[in-house]
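These are the structures in question, set out in turn.
There are two complexes below, and they share chain A, which is joined by chain B in the first and by chain C in the second.
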Partner chain A sequence: MKRLIPLAALAAAGLLGVAGSVAAAGRGITVKGSDTMVILAQRWAETYMAGHPGSIVQVTGGGSGTGIAALINGTTDICTASRPMKEDEKRKLRDRFQSMGTEIAVAKDGLSIYLNDQNPVKQLSFAQLRDIYTGTISNWKQVGGNDALIVPYGRENSSGTYVYFKDNVLLGRDYSPRCQTLPGTAAVVNAVVRDPNGIGYGGAAYAKGVKDCAVSKDEKNPAVLPNAATVKDGSYPVTRDLFFYTRVRPAGDTKKFIDWVLSDEGQALATKVGYFPVR
Partner chain B sequence: MSGTASLLDTEPRRGTLAALGSVARRRARRVREAMIAGLLRGCAFSAVAGLLLIIVFVLKEAMPVLFDAATRKEASLAAYFATSMWQPVGDIPKYGILPLLVGTLKVVVVAMAFAIPVGVMAAVFASEFAPARIREALKPAVEMLAGIPSVVLGFFALIVMASWVQAITGAHSRLNAVNAGLALGLGVIPTIFSVSEDALRAVPRSYREASLALGASRWATAWNVTLPAAGAGVAAGILLGLARAVGETMIVLMASGNAAIVSRDLLDSVRTLSASIAAELAEVVVGSPHYATLFFLGAILFATTFIINVVAGLFVERLRRRLAGA
Partner chain C sequence: MTTRPRAAGIFVALAATLFAAGAHAQSADSESTAVAPPDAAKQISDLNGQVEGMTESVQTLLSDVDKLKRFKFSGYIQARWETAETKNDSVKVAGSPATLTPANTERFYIRRARLKLTYDSSPLSQAVVYFDGGADRTIRLLEAYVTLLDPWTAYHTHALTVGQMDVPFGYEIERSSSVRELPERSRAENVLFSGERDRGIKLVDQWTLKFETVLAVMNGGGINQPDFPNTDPTRGKDFMARARYAQGTVDGAISYYTGRNTTPLTGPDVQTDKTRLGFDTQVYYQLPVVGGGSLKGEYFGGRNVNADSLKALIAEPTSANPVRLLKPGANPAHLATDFVGWYVMWVQNVGEHFQATVRYDAFDPNHDLAHDQFARTCLGVNWFYDGFTRVTVSYDIPKTDRALAGGAYDDPHDNLWTVQVQHKF
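Right, the complex of A and B next:
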């Protein structure tokens, strides 16, 4: 029994230590939102914390909409979003905080079109891509591939990527009802890896085990693969900005972190993770 | 009760103060009994209160679909059946719930077509044919199947089973109603097995002995005597399994492909009511027509499983009376 006492003291000290660090984390910067940006934001946070001892940046995902809701509810300092804020979200923010919020583009994302390795198709035009996802084109034969039905995969309609793709690639038209929706980009990649006739879309950073499809703006332009050069000069057509949102103009620790993210060091890290610098 | 009393009575009762002490003790005991009874009553009613609160909450959030003019412009009962497209996010949202109803029906039909024969026959084997040793191993094993988290079953169906199903059926899409239905069936079998097995074992031995004495084989006895006698209980097990299949979310979300298609083909991808709620509710704007619609879907699911459960309860009651009367 006596021997247990030092042990208990140790455990208590450990608990206090944990409690202490949790309390400290409460004073740090919280970053919440886009699942697409979770890996990127985490790298940023890790490297920033390593270079700035004493600062704490906590990153969680959940989706762009979840992050914006958290921003409106006041439970996160920075919200990451892979799509611009919607009108009704801006209105809610204004009602609560008398502020329009601050939008900061922090990186560019080339949305990759994933194809199965065995698929002979190597390139698609922007219009073909739209026709595949709206269901006008349903066989790979129609775009120079095998005689096999196309199986389009996409994200759930709660995803920022879903909305981006619908607005910018489908030009607002409806997805084909045959488009299968999966929870998360990793699940989309996984499905295309296993499905020789599958096609999917998602962040370039996730493309493991599948091949990127080259995309051309139209018949006159050559099809290009997404890389730093083609995304930056705009010749790759499926790109979008990734955002940080704050309730008010950033100040203090939050401003320091955002400034660092926009610095050469932060932007270089974005490239390393698979995204592209914003400037 | 008597146990507690006798324990208390063994306490020291020497001395002249014993009589006085016992009055105080009795009072203390009464107070304690009342407190315990109150606590238990509180627990029992908190469950009921929780259920009521959930019903009220779901219905309240679904109400705008029926009564709120602004919501009804986009999402109303008429709008739900005016189109067979489910595209709630976009410039012109389309809330056709027909594909979701069809999808749910398809998955549930496949799941039950798989789970009923397997679950009931396994129960017949366990209660009528298996030697005690095998039965002792079989029951916990099947019940452990019930303990597998549905997300694990769903993941298995997404990664492994879908490829098998596609190889066997030659389906055009890997994730489809058959794949989701089979995975769902695995989740439902333990319920059907467990309740059916209990019902079969509750059939009095005299039934079986009478049948065997008349020269019937063991199989004939099980099929013609025991199973019909336990029929109501087996039916209850099937209905409880059905209720679970209708409401189960994670397995179908992962294994079905979630494409909102209206078709008869079981090898098409399907989107179910429960998976739609799970996938979409997290990001929907609170109070929007889409939000109210998802709660309306929840109310449909709730009503369905509630009715199934009530009917299952009636069956169990009938079985009890029948066996008691025998």
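Right, the complex of A and C next:
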């Protein structure tokens, strides 16, 4: 009898697991993560479902970090991320799934620097941006603007855009405590629209009612505005890939959806939404 | 960070809604009675006042929430049912030496119930307090440490930790029991690093994304030593070092530990060498359709005080002779012996919810002596119920030599079934 109990537990676990897998297979594909990508992912999902009757793709945001946590917890099939996975996130995924995950670049994005329309500043270098966001530069006069206090707006630390900007523009340095944290790119844009001394960063597709600031990587290179040509050829210095992550190599319905996203139709939709094709 | 924009957003939304409602009412009034419109400017002024008040409240609230977000609670519970092969043997639990519970071949118990509180004070410092209940213990402090990160590198890649923490040696020790594929660590690890934790200071340097070194100085006794935490009988501290290269699909590390062990006697104590050299490697792969898998192995070698030698060479105090002395003719150098321990493990995920594991581990506490070796095969299946809960069913097949009359030996019937439900939060 004693030997039967663990075996029965194992069998019950197996049956429940199979039942769970069947139930999971019936719920469609879940996509969770980057707020930068949420509009794009929703458009992909809507168009894909329209062209593939019976398929279900559910899209939610929350930030790249939230999406990656969901991928590790097994509560989403695809994670959208506007930054690469960190080493500790890969380790957590590996601990659970013995896999480093599969990274698929699905679109390109120019990370725009938003300025208020009334701001006379037209361009900034990486070094100036770094000094503004770390607090070394605090007055627009120091970068050729009005004598006014700079109000930097940024994202929460669960945001992939927050991490990308910190890693690539601030070179890992910590944000100034003066940087005001906002819950989404749209909120950053709205804040800069209302604040003549504001500066923000976010996806190029969100830049409505603000002006883009030209950015130079250093003093030797010219300042470049983000547009389809400069993002595609890489001359705009704040260009990044947007990713899908899966736990293992995609298969079944998930693979079909990702293949469609990477198809000409999916990539054309990315361009239409305001992003740039990955190939 | 301030929250003005969010509050301002609330203000704009509220003002717009209320103003629209006011405008609608005004429109209806004008249609029916054609009276003069109410003083819109006064209404907006009143609303401004109300919203400013709300803004202050929200700012205070968000400031408080921001402070609370610096606290992170995490932990896990492992509720377990165990049954040994026969009623003649006791259920064995981990320890050094392995502890036999009172005769009790079937039982429910809480193996681990742990709660960790982390406070991220700033980008440059962090404090952790970690408590453990379960395994028939009272609640005890498992870890408590402060980590300081360097301010001179952008990613703060050098970290100094002071307090009570995991001993930085090998792979198994620092890997949380909440993520381990089998319920218990290998026997070699259990014997050599009982409790896995000690008090001291540790410097971690992440030289590149792939290469890390650790240096540490610790008391050396570990948290399961009877003297812990009040004394360090060796006085001299133990030193440990590890270098790890993590390529992603193939990781590996070399670890070194050196110190002294004190055996207390009536009169001068005996000091013996305590050295450990370790190698570990992990190889990861993916099978199409089936899922990810890994092969892991670890080796421990060195010199350590031997529990059997203590029994053989030391006369324990009795009521008639209350002193603890070496037996006549015993060589104190023989209290420590050369040991070898190792394990190999295969883990295979099957789909999203299942994981199968096989591990073989061996420990020879004195490789000059026969019949004191321990070997064990562990088979395990994990079923991941959701992102937080898993059920583990494992079967341990230990092999030891039990001395019988006439110089014969047999392997006692002490195989062990374990069914464990773990919830991690």
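FYI, the second predicted complex is superposed on the first by the 253 of 279 C-alpha atoms of A that agree within 3 Å, B and C clash if a C-alpha of one lies under 4 Å from a C-alpha of the other, contacts with A are read in each partner's own complex, and residues count from 1 in each chain.
As a convention for this text, contacts are C-beta pairs under 8 Å (C-beta built on N, C-alpha and C of every residue); 3 or more make two chains touch, one makes a residue touch a chain.
All values reported here derive from a predicted model rather than from experimental measurement.
Peer 1: Between chain B and chain C, whom does A:K90 touch in the aligned arrangement: first, second, both, or neither?
Peer 2: So A:K90 only meets chain C here.
Peer 1: Is A:A191 touching anything from chain B or chain C once the two structures are fitted on A? First, second, both or neither.
Peer 2: both
Peer 1: Considering only touches as defined above, state whether A:A228 meets chain B (first), chain C (second), both or neither.
Peer 2: A:A228 contacts neither chain B nor chain C.
Peer 1: Go through the superposed model and pick first if A:R249 touches only chain B, second if only chain C, both, or neither.
Peer 2: The second partner, chain C, only.
Peer 1: Quick check for you: in the superposed arrangement, does A:N73 touch first (chain B), second (chain C), both or neither?
Peer 2: In the superposition, A:N73 contacts chain C only.
Peer 1: Using the touch definition from the top, say if A:Q98 reaches chain B (first), chain C (second), both or neither.
Peer 2: The second partner, chain C, only.
Peer 1: Is A:Q180 contacted by the first partner chain B, the second partner chain C, both or neither?
Peer 2: both
Peer 1: Check whether chain B or chain C contacts more residues of chain A in the superposed model.
Peer 2: Here the partner covering more residues of chain A is C.
Peer 1: Taking the superposition on A as described, I'd like to know which of chain B and chain C A:L171 touches: first, second, both or neither.
Peer 2: second
Peer 1: Overlap of the chain B and chain C footprints on chain A, residue-wise?
Peer 2: Shared contact residues on chain A: 172, 174, 177-183, 187, 190-191, 194-195.
Peer 1: Which stretch or stretches of chain C touch chain A in the complex?
Peer 2: 1-6, 8-9, 81, 83, 106, 123, 153-155, 175, 179, 209, 246, 248-249, 284, 286, 288-289, 291-294, 347-349, 351-355, 381, 383-388, 391, 393, 395, 417-419
Peer 1: Over in the complex, which chain A residues touch chain C? Could you list them?
Peer 2: By the definition above, chain A touches chain C via 2-3, 5-6, 9-10, 13-14, 16-17, 20-21, 24, 70, 72-75, 87, 90, 94-100, 153, 170-174, 177-183, 187, 190-191, 194-195, 247-249, 251.
Peer 1: Help me check something: in the complex, which residues belonging to chain B touch chain A?
Peer 2: Touching chain A from chain B are residues 84-91, 94, 99, 158-159, 162-163, 172-175, 253-254, 257-262, 268-269, 271, 279-280, 282-285, 288.
Peer 1: In the complex formed with chain B, which residues of chain A make contact?
Peer 2: Where chain A meets chain B, its residues are 62-66, 69, 86, 88-89, 149, 151, 156-159, 162-163, 166, 172, 174-175, 177-183, 187, 190-191, 194-195, 197-198.
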